[in-house]
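Chain nomenclature is as follows: A, B and C, assigned in order of appearance, with residue numbering initiated at 1 for each chain independently.
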Amino acid sequence: MLTRWRVSCAALMLSFVGCGGKSAAERVAEHERARVSWEQTARFVGAEWVARAIPDAFVARTLARAHEELQSEAEALRKDELSEQQRALLRDSLGAARALGDSLARAVGASDRRAAAQLVDNSPRANADSLLRRAALR
Amino acid sequence: MKKVLEITLGIVTSIGGFLEVGSLATSVQAGAAFGFQLIWAIVLGTICLIFLVEMSGRLAAVSKQTLAGAMRDRFGYPFFLIPLVAMSALGLLVLASELGGLSLALQLLTGISFPWWAPLGAFAAWLLLWKGTFGIIEKGASLLGLITLVFVYAAFRMHPAWSLVASGIRPSMPKHESMHYWFIAVSIMGASIAPYLLYFYSAGAVEDKWNETDVAVNRVSATLGMSFGGLLSIAVLIVAALVFVPRGIRIERFDQIALMLTPVMGRAGFVVFACALGIACFGAMLEIALSVAYMAAQGFGWKWSEDARPRDAARFSLVYTATLVGGCLIVVIGVDPLAITLLSMALTAALLPVAIVPFLILMNDAHFVGQHRNGWFSNTVVCAIVGLAFVLAVVSIPLELLGS
Amino acid sequence: MDIAVVRDLLDKQLVDREGEALGRVDGIIMAYSADAPPRITHFELGAQTLARRLPRPFRGALSALARRLTPRGDDPYRIEVGRIVQLGRTIKIDIDGTRSAARKTELWIRDHVIAHIPGS
C-alpha cells in the first residue's frame, strides 16, 4: 500500500519535471526570443530618442540594462546544452545585438542623433509594419 | 437627482482608482507576450470583482458592519487569524510592488535613480494618511487617477482590428509557452480581484454611514464603475500588444513598459505614462495600507476611523504606519519590482479562497444581510471564478517558478 | 429574547456609553457553583485571552509575544455583564471609555509611540 503510494508520488513528480523540462528546439527558441527582445528594445529606445520622445537619462539606463541582459543571455547560452552549430549561430546574433546596443549607447552619450538614426535605420518601423501585417493585429 | 450624482461619483472614483501597478504590469505582459489572446482573463476577473464589490457594499449597508468586523463576528477567533495573516502578508507584498511602481514613475520623470524614491514615496503616503481624511484620500486619489483614461485614448488612436480584439474575449488555448500563458492569466485574475479593495470598500461604506436605501445605488455604481475599470485594463493590453508584439519585445523589466505611449503621443506620451503610473500606484498604496489597518483594527475591535486624529486611533495608525515601513523595506532591499508584482498577483489568486469563501458565507447569512442575501447566481459566478483562479494558480505558480 | 452565547456575545464588538470602540469580547467568564446553574459573569478582553484560544502548539508563542507587547499590568481585563446596557449588533457597556482600563494598550501606544510623532 505504502509502496504504491510512493510510486504514484514519484510518477506525479516526474510528470511535473517532465512538463518543466524543455526540448532543444524550445530552448533555442527561448534564446532567440530573449535576444530579439533586448535587441529590439535597444532599437526602440534608440528610435524614440532620435525622435526626441524620451530623455537621455532614460535611454542611457535602458541601453545599459539591455547590455546587462544580453550579457546574462550569453552566460546562459554558454551553460546550455546545444549543438555547436546552434550555439555558434545564437552566439553570433547575440554579439551583433550587444554591438548595436553599445554603439547606440555611445551615440547617445555623444548626443549624436544622426549616428543613432543610422544605427536604427535597419528600420524597426519598416520591420514593424511588415511584422504588424504578419501578426495581423490591425 | 441626488442618487444620480451619487452613482456618477461612485463610477468616477471606481474608474480613477482601478488601475494600479498589478493590473498595469499584468495587462502589459499579456499584451506583449500573447497579443489579444488573454483579454478573457481580464473579463473574467472584472466580472468577479463586480460581484464582490457590490457584495462588500451591500454587507456594509445592511449589517452596518465592515467585512473584517463581520468576519470576526461570524467566524470568531482564531479562525479570523487565517484571513488576517494571509491578507496582511499579501498586502505588504502588493504595497511593495505599488511603491516600486511609484518609484519607477518618479525615476522616469526626474531621471534620478530608483532606490531613493521608495522612502520618499512611502513617507508621502504616510503623511497623507496621518493628516488627511478619508473623503479627501478616496476622492482625491481617484479623481487624479482619471489620467489613466489616456490608455483608452491611445488604444483608439492605434486602430486595432476590433474584431480581433473581440475574439480575445473568448478563452483560448495558448499556441506557445503554455505555462507562461496560464501564469499570466492567473496573475491577471489576481490583479483584478484584489481582496484589499473589498476591505477598503466596506470600511468606506460604513464610514459614510450607508444604509439599506443605498443598496440599489451601490449595485449600479459598482457594476458600471468596475466595468469601465476593466475596460481600462483591456485598453492597456491592447496598447501593449500593438506596441510590443510587432517589435518582438518581451517585457522583462519595468523600464520597458515606459515606452508604451511614445509611439502614439511622442514626448507627451512618456511624461503622461509616468504620471499615470505614479498616481495609480500612490492611490493604491493608500488603499492597501488602510486595508491592512482596517482588517486588524476591525478584527480586534480597536477604534479605526481614518477621519480621527492619529492619537485617537492609536493602534490603527500604528498598523498602517508599520505597513508602509514594511513595504518600503522590501523595496529598499532591492527585490526586482516587476518580479514582485507578478508574483504577488499570482499569490493573490492562490489565496483568493481564503478571503472569498468566508465572505460568501457571510453574504448568505440572513443574520447579517437579512433579506438581501445572495442569489444562487452570484454565489455560482463567484465560486466558479475563484475556484478557477485557485486551481490555475496552484498549478502554474510552481511550474513558472521552476521554469524561470 | 434568546441569546446564543457564541453567536451573540463572543467576538462581538464592545462599545462604551458614547458608542466608542472598547474592544471585542475575547473571552467569556462563567461562574459555577454546586447549588446554582452556571452563569456568565464577565466578558474578558486582552491578548492573553486570545492566546489561550489558540491551538496548543501556538499558545506559548503568542502568549510570550503578548506579554512583551502589552504594557505591564495589562492582565486580561474583565467587564461585569451587569454593565451591559444594550445587546445588538454591538454590545454597549455602561463605562466611560476614556478612563477605562480596557483601553490600556491603546492609551499606552498613544502615549509612547504616536505622541512622539509630530502632527498626531
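Simple rule for what comes next: contacts are C-beta pairs under 8 Å (C-beta built on N, C-alpha and C of every residue); 3 or more make two chains touch, one makes a residue touch a chain.
Being a predicted model, the structure only gives us computed values, none of them experimental.
**Student:** Looking across all chain pairs, point out the one with the most C-beta pairs in contact.
**Tutor:** After tallying contacts for each pair, the winner is A-B.
**Student:** By mean C-alpha position, what chain is farthest away from chain A?
**Tutor:** Between chain A and every other chain, the largest centroid distance is to C.
**Student:** From the C-alpha centre of chain A to that of chain B, how far is it in Å?
**Tutor:** That pair's centroid distance is 30 Å.
**Student:** Whole-Å distance, chain B centre to chain C centre, using C-alpha means?
**Tutor:** Those two chain centres are 34 Å apart.
**Student:** Distance-wise, how many Å sit between the C-alpha centres of chain A and chain C, to the nearest whole number?
**Tutor:** 60
**Student:** Would you pull the chain B residues touching chain C in the complex into a rising list?
**Tutor:** Checking each residue of chain B against chain C gives 63-65, 69, 72-73, 76-78, 80-81, 130-131, 299-304, 309-311, 314-315, 317-318, 367.
**Student:** Looking at the complex, which residues from chain A come into contact with chain B?
**Tutor:** 16, 19-20, 22, 33-34, 36-37, 40-41, 43-45, 48, 51-58, 61-62, 65, 69, 124, 127-129, 131-132, 135-138
**Student:** So in the complex, the part of chain B that touches chain A is made up of which residues?
**Tutor:** Residues 35-36, 108, 111, 158-161, 164, 179, 241-242, 245-250, 252-253, 255-256, 258-259, 262-263, 266-267, 269-270, 398-399, 402-403 of chain B touch chain A in their complex.
**Student:** In the complex, go through chain C and note every residue touching chain B.
**Tutor:** 6-7, 10-14, 20-24, 26, 45, 50, 53-55, 89, 105-107, 109-110, 113-115, 117, 119-120
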